[in-house]
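I've put the structures underneath this note.
Paired with subunit B in one complex and with subunit C in the other, subunit A is shared by the two complexes that follow.
Here is the complex of A and B:
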């Protein structure tokens, strides 16, 4: 055996043994690829329809349900309070009419908050829900400035309460907003506010799939005159209002 | 010219081949040395304590979890948060068997002075409850 052959064969043997000894720990193998997951989500486009005529004035069922479900911080001081869902009393100065309006994240089709996020913590999921990855958020609050609906809130303080232990709360230093109860929606349930509103008997909030033309929400949007807030901005919100 | 002569001489050629063979041999040697650390060479008996009433098997094998649990958790997190795929396994699956955070997570992490951010937001019961303390059995290789 000449030197060339010897070197070749030893090289082969060494590389074979080293690959054989490699432990199968290098990567996490997951069942489905990213593309499959995206396609699965994009079958739906979630939207909400709020009938302000059926929303009774003193009722705060949806607000408390949201707070309890999502561990939204309430300190009793308006500087630090976080609201995923707000009930605002609006007054028309010309006519003197007053109206309670539910305000929440509008889950825009072109979300300005997601466009400005420097770390891509805020993003639009394939099913249209605009959501914050709190692991990634650095708390720069750029999204709060970008949002034309004032739907985003910053956690200045640690939340002292933890009513729903199955759902994580947010630590201080991150921005949060309504996410259509994405954890419930993924399990085939309705958002907490919708369920509470149905339970209270008002049935003012309707939640459903806008892609599906036969869904309750799509039919009602087609049949009744609906409005969205600041449609002129081109953000294409997915929260519709009747009687705004 | 002298250098070339030196390099082409028989003796220096032997040295060159020797170093080359050594260089080729080193990486697999290292991998053998360090792989023993992963493959249950050492025992964690008595270090990580857990109540094993429900526990039969971890979601992955022990050697994998010992070294790569953080990668695994990150992968699950990505699935949860980015793709909305909420599988059966979450952090509460961990706390289902390893009920006490003190004895499961914090033991190693505080020993190496690693501060986790997980539990500022995610619920994981701490040790102090009575039934958790009563149910604790030693982790041994036999029951793992």
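Here is the complex of A and C:
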């Protein structure tokens, strides 16, 4: 092959390659414009603010409401009980101060559970809610290993109770966690725990759209010193606390 | 030198008893897995705080074992060391079986076994180590089959290519397996040294097991095995792998213990409970230091009974190590509220314990039963085992009858 032929064929190969590459590039652009449209559809980013100073120690209204609304299994054995929402009592090492903290799925912006799920059964919705597809979960429990907040629970046993017939219960063998009552939120309602807390008169839990700067939750987060649990992990939780 | 392979006769009562026991174990495993599938995994010793237990530990133990077998097989396959040709087939077959055992252990541990065969393929998640690894494992098994076929058909070139591919693939497989743990934000898991440490321990346990299998096999079938081959495997291969594994593990723990941010977790691992006993006695003393010394001393390192003893210790040590990878990282809780103490809770928040249940044990034994059965059946129906193994080609001129019985496996 002489030099001219070589240059010619090289040129051909390069132009052919670049033409071939053009196609996926343009289809990528199309896909991303579709994504934008989708993003506009869900302008919400749901978050929660829990004011620990207003949470009264003996009150369990939110816990009961959550369990009833979502048919969360309670077997009476701490090894296998499922808690989408749970209260822990803390004591500060230095000051000796005691407080109760409400714990639930943090609906992380970077959820490690969704990252590790081998079947994409755990995923983050566009409105930020981290949710489990219980028809897809294979029960490998890798998400429980990856969750740094111990917020995920496995159905070790069949759940005998089914108080809320409007919402499914889960079979044994799948993992579950708080989903901000997505089924209620989608209908414009508040999560069951928030409603119950309001009814009890404490009003310690605020739920709202973090994308909207004028929402109650965004303004309160901007005005008050808030904390999230283990922010150092880079998971960007969307559950904020006052008084932690 | 022509190496001859032959099926084993398998007519002794011992063979049939062994097959029957293994089949019973396998059935017990099927029974317990069925029970768990119907009634739930509460029948295992696992809890919401320790969601992985024996089966995952055994899975990574088996997967690790396959590496060492492949390396022994690769001595002939890749490096053309003719004296190791007798081991090549059986090592490749074992590597395949161990991978199957690993996959079976993972499979039987799932909450919804019925979904495992479809969902991971239709909803593949590239960012999940649990998605990537099964692809690595199944690829591994496929290459092992091709490799075995090449060995059976004496395809020189294909043997070399398949052997090299499967050894490189094995590094991927074992790094991936280590990454299942290393790539999650848990204090005792999250360490970039875990994958290399996993590979090192895999190689040492695999080489040790090969020594045990080869010596036992040749002895039970009354075939001749040149001691110098086993001595080389022990004093060269196993010893090097063992020291590498020990080294990486020491660095990993020292680093964790030294840094203030992980000191508490490091302390828990080293001195925090029963698992610490497994670490110091099972892994460090029995599984590493004693065999290392025994291999180093010429008198014990060159005696077959001592070599077998050392190899058994290494396998026990790595079994402890696998358990130590999985369980302490879970029983040690992530510290959600630094500087504060949890005084009341509905789920155990602090350090918890894990105990193995009988049903879980049956599952683990069941997997052993399955691969043990397949191994013995393989020996009977495939020409896996060589009729003899000699270190020096020149010795092949000597007929078997001329070899003193005392020179065979001691």
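Just so it is clear, the second predicted complex is superposed on the first by the 203 of 244 C-alpha atoms of A that agree within 3 Å, B and C clash if a C-alpha of one lies under 4 Å from a C-alpha of the other, contacts with A are read in each partner's own complex, and residues count from 1 in each chain.
Throughout what follows, a residue touches a chain if its C-beta (ideal position, glycine included) is under 8 Å from a C-beta of that chain, and two chains touch if they have at least 3 such contacts.
None of these values were measured; they are calculated from a predicted model.
By the touch criterion stated above, A:54 is placed in contact with neither subunit B nor subunit C.
When the two structures are aligned on the shared chain, A:187 is found in touch with subunit B, with no touch to subunit C. In the superposed model, A:68 lies in contact with neither subunit B nor subunit C. In the superposition on chain A, contact is made by A:125 with subunit B only, not with subunit C.
In the superposition on chain A, A:101 contacts subunit C only, with no contact to subunit B. Once the two complexes are laid over each other on the shared chain, residue contacts for A:83 go to subunit C alone; subunit B is not touched.
Of the two partners subunit B and subunit C, more subunit A residues are in touch with C.
Comparing the two interfaces of subunit A, the one with subunit B and the one with subunit C have residues 158, 171 in common.
Put simply, subunit B touches subunit A in their complex at residues 17, 20-21, 24-25, 27-28, 31-32, 35, 38-39, 63-64, 67-68, 71-72, 75, 77, 79, 81-86, 92, 117, 120-123. Only residues 3, 7, 10-11, 14, 17-18, 21-23, 25, 28, 30, 32, 34, 37-38, 40-41, 123, 125, 127, 131, 133-135, 158, 162, 165-166, 168-171, 182-183, 186-187 of subunit A touch subunit B when the two sit together in their complex. Across the complex, subunit C is touched by residues 78-83, 86-94, 98, 101, 103, 112, 115-121, 136-142, 144-146, 148-150, 153-158, 171-175, 229-230, 233, 235, 244 of subunit A.
Put simply, subunit C touches subunit A in their complex at residues 37, 39-42, 46-49, 51-52, 106, 109-112, 115-116, 119-120, 123-125, 127-131, 134, 180, 183-186, 189, 330, 333-334, 336-337, 339-349.
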